[in-house]
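So, here come the structures, one by one.
You will see chain A twice below: alongside chain B first, and alongside chain C after that.
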Partner chain A sequence: MLAVKNVDVYIQASHILRSVSLDVGAREVVCLVGRNGAGKTTTLRTVMGYLRPRAGTITFKGVRVDGRRTHEIARLGVGWAPEDSGIFPDLTVAENIEIATWTRPGGSPAAERLARAYEVFPVLKTYAARKGPEMSGGERKMLSIARALALDPEMLILDEPFEGLSPAIVPVISASIATVTRLGHSILLAESNIHHVPEYADRLYVIERGEVIFAGQPHEAWKDPGVVRVIGGQT
Partner chain B sequence: MRQALVLAVALAAVVAVPWIAPIYHVLLMLPFMAYGVVLLGLNLLFGYTGLVSFGHALFIGLGAYTAAFLTGLFKVRALEVILLTAAVVAAVVAMPVAAFCVRYVKIYFGMLTLAFGMVFYTFLLKFYRLTGGDEGMPVARPFLLGRDLGDMPKIEYLAGPYYYYSLVVLIVAIAVMWRIVHSPFGLCLKTIRDNPAKAETLGISVPHYRWTAFVISAVYAGVGGALLATPTGNVDPTLAYWTHSGNLVFMTLLGGFASFFGPLVGAFVFIYLQDFVMSVVPYWRLVFGAILAALVIFAPGGLLGLFPRRRVIEAA
Partner chain C sequence: MSALVSILMGGVFHASILFLVAAGLQVVFGVQKVFNLACGSFYALGAYFGVSAVQWYVAAGGPPAFFIVPLIAAGALIGVTGVIVERGLLSFVYERDETFQLLLTFAVVLMMEDAIRLTWGTAPVSTSGLYLVYGQARLAGAAVPVYNLIVIAASLVIALGIGWLLTRTAFGRIIRATADNREMAEALGVDMRRVYAKVFTLGTALGTLGGALVIPATAAMSEMGVELIVEAFAVVVIGGLGSMRGAFVGALVVGILRAVAISVYPELEMLIIYLIVITVLVFRPRGLFGGAAA
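Now for the complex of A and B:
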């Protein structure tokens, strides 16, 4: 579904991503793990069209998307839940979710998409009239994912969905993401903490200093000393 | 409920003005209604999209000169046709202007709109054979709903039929703008204002939405400009001058750009305050400057921002 091939990204003169390659298949959950500053968010932002690769290709459903505008990539069916949640503060919870059904018409009916978003995060229905600033960090994360889900995407990109959350909320969000995978969406998830990688992840990529140093099954990562050195010290 | 009551009282008061207020105050309401239309459009760009235009007098000028050309050169006197033509002319000019301007934001957007406004101002000033130069052009009294009211005394015409015609135009403009800002399109504009980068991830083409908002706001300014031309009976290049654009921004700030009705309140207060201050002191701009400074410091949300908004939170 998503194929990132040998992508090089520069931010001004800095070479940030070095020949990064990764794949996300249909209905797969793929995790990109790395320390802060390793290049996870840059990889995701490049896929979303915020950054233009200097070399390499990115294809989604067989269509080249590198160089395309972000809104075009979103309309192709890529949902994005950023690290800072990106909630629109002047809109209510309901409007934050509904807006995605208007901006990408077609596909499933709007009512079905909304029902799906509220099915995954039922707590949001009770806060429908609230505005973004009146919600907790965990609820904002939920809203961010629910909004991306309402776009009716084939693939969801989640940038550190557990970042900054209390340990009590992490399992709730993780269970919700599991529900999303059961609905048939592919997921590309970036995470800095290996212990937050869900057990239902199909594949794991480890990125360090802008290079992918491991690609394989999550349990295999622990057998690679180089990878353990990078991710093993985290708790 | 409370807002509906306030609106009903305000509407009743505006309807009653020709019956209860001195004629001087009735005539002051005419620019209020014209500016009201203009500011509804300007606030779609300013308050809802986050783009501050310092050149919207360009479109007021276009609307006003369209009225002058139609009534003078082309002998078209039906105000409905004049308003419609002003809207079309403003839209046609706004399309390429917006295409240039919306590629930029913040001060760059403001400066570009200012530049386009000044280009049009200079055009009006220098092409005097066509536009009358600094003397401007006369605007003949338009027909209202097909009725030639030429034999009616001007004051009577303005304070009676023209007043209510302007009021109906303002009400229609309010109703249409209300629909726009509460539509999915309006919500998309808010997301662009709050965070354009995140809005893109929802499939929103930010430049396209900004362009559309700009063109709509120009149409409103064109219609308002055409309404503004009749009471004075003459149009001149100062209508398109940058200080006029500055006044529009001032009115919006005065009432409060965060509120739908804020700009209307701003227009009303501005016109009456300007009239009062001008009658008291010769240095009225000095007073206005002080008011603007005080407003920004003590009431950045404008006059309507002084009233806390009630927020309804649905219980579980």
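Now for the complex of A and C:
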């Protein structure tokens, strides 16, 4: 579904991503793990079209998307939930979720998309009239993912969905993401903490200093001394 | 009492025009983060275009009582200039430093002034005789031109319309989302080029409409745009950059204070506005409604 091939990204003069390759298949949950500053967010932002690779290709459903503008990539069916949640503070919870049904025509009817978003995060329905600043960090993460779901995407890209959450909330978000996978969406999830990688992840990539140093099954990562050195000490 | 009412109504009339221009400035800044110095030029363009439309209408034998129809139509239609300026010029500097945007809109001010002189000449032009075609109304003993009341009502309707657009329509919510977080809006499928073109055109149309509506009460002059930029800037500082409510309140403050100053001590006309601006900048740098939602 998503194929990132040998992508090089520069930010000004800094070479941030070095020949990064990764694949996400249909209905797969793929995790990109790495320390802070390793290149996870840069990889995801490049897929979303915020950054343009200097070399390499990115295809989604067989269509070249590198060089395309972000809204075009979104309309192709890629939902994005950024690390800071990106909630529109001036809009209510309901408006935040509805907006995606106006901007991506076609696909499932709007009512169905909204019902799906609230089905995964039922608590949001009770907060429908609230605005972003009145929500907790966990609720904002939920809203961010629910809003991406309302776009009716084939794939969701989640940047550190557990970052900054209390340990009590992490299982709630994790269970919701599991529900999303059961709805048939592919997921590419970036995470800095290996212990937050969901057990239902199909594949794991480890990135360090802009290079993918491991690609394989999550349980295999622990057998690689280089990977353990990078991610093993984190709790 | 009648003198006070007369002064106040004159001030509110001016505030109504000022609100339209400042609202255009605010909506463009709120969404595109561009401080559009050319708002005054669009105001002047609307005024000249309005004069031409009314002159053509009268020459074609149109009844004077309906002159406001071609006037409003001309003012709104010339707003399409906004698409040309936005797509043809501004779209190339969005990613650059704000200084480029300021310089570019200032260049538009200079070019428009020359284009107006080239098209309409340097002598003031007006819709002579039509200002009082609707007669005058008596308010607390003061004679107030009915045309002024029509413009005040029109501005109120437009203010309510903008509020409705921003809070009750899908496009308005997309505008507010874009103003909040442009990157995130794009990730939800919002085509920023289209939003920017529409918002800038809306902002331009508000300015040109303001120019057209003021013209029965005054004459169009090529430098009228530059004069209005200063007042619009004062409105924005007082009300708060990017706030539509701020534009409304700021326009009232500037309009009424200016009218009072002209009546009491004309030399203070602009000085009193600058004093208010300085006071706001010192004690409330973000303006009365600074940081508030559009």
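The definition used in the following text is that the second predicted complex is superposed on the first by the 235 of 235 C-alpha atoms of A that agree within 3 Å, B and C clash if a C-alpha of one lies under 4 Å from a C-alpha of the other, contacts with A are read in each partner's own complex, and residues count from 1 in each chain.
One rule holds in what follows: a contact is a pair of C-beta atoms (placed from the backbone, for glycine too) under 8 Å apart; a residue touches a chain by one contact, two chains touch by 3 or more.
These numbers come from a predicted model, not from an experiment.
Peer 1: Would you mind checking whether chain B and chain C clash or fit side by side on chain A after the superposition?
Peer 2: In the superposition, chain B runs into chain C.
Peer 1: With the two complexes superposed on chain A, say which partner A:E134 touches: chain B (first), chain C (second), both, or neither.
Peer 2: first
Peer 1: Taking the superposition as given, does A:L188 touch the first partner, chain B, the second, chain C, both, or neither?
Peer 2: A:L188: touches no partner chain.
Peer 1: Compare chain B and chain C by how many residues of chain A each one touches, and report the one with more.
Peer 2: Residues of chain A touched, chain B against chain C: more for B.
Peer 1: With both complexes overlaid on chain A, does A:M155 touch chain B (first), chain C (second), both or neither?
Peer 2: Neither partner.
Peer 1: Considering only the touch criterion stated at the top, classify A:L114 as touching first (chain B), second (chain C), both, or neither.
Peer 2: neither
Peer 1: For A:W102, select first, second, both or neither according to whether it touches chain B, chain C, the two together, or no partner.
Peer 2: A:W102: touches chain B and chain C.
Peer 1: For chain A, which residues lie in the overlap of the chain B contacts and the chain C contacts?
Peer 2: Residues 48, 50, 69-71, 74-75, 80, 82, 86, 88-91, 95, 98-100, 102-104, 147-148, 151 of chain A touch both chain B and chain C.
Peer 1: In their shared complex, at which residues does chain C touch chain A?
Peer 2: That would be residues 170, 173-174, 176-177, 179-181, 183-192, 293-294 of chain C.
Peer 1: Tell me, which parts of chain A touch chain B in their complex?
Peer 2: For this pair, the touching residues of chain A are 48-50, 69-71, 74-75, 79-80, 82, 86, 88-91, 95, 98-100, 102-104, 126-131, 134, 147-148, 151.
Peer 1: Contact residues on chain B for chain A in the complex?
Peer 2: 184, 187-188, 190-191, 193-195, 197-206, 311-314, 316
Peer 1: For chain A, which residues are in contact with chain C within the complex?
Peer 2: Against chain C, the touching part of chain A is residues 48, 50, 69-71, 74-75, 80, 82, 86, 88-91, 95-96, 98-100, 102-104, 147-148, 151.
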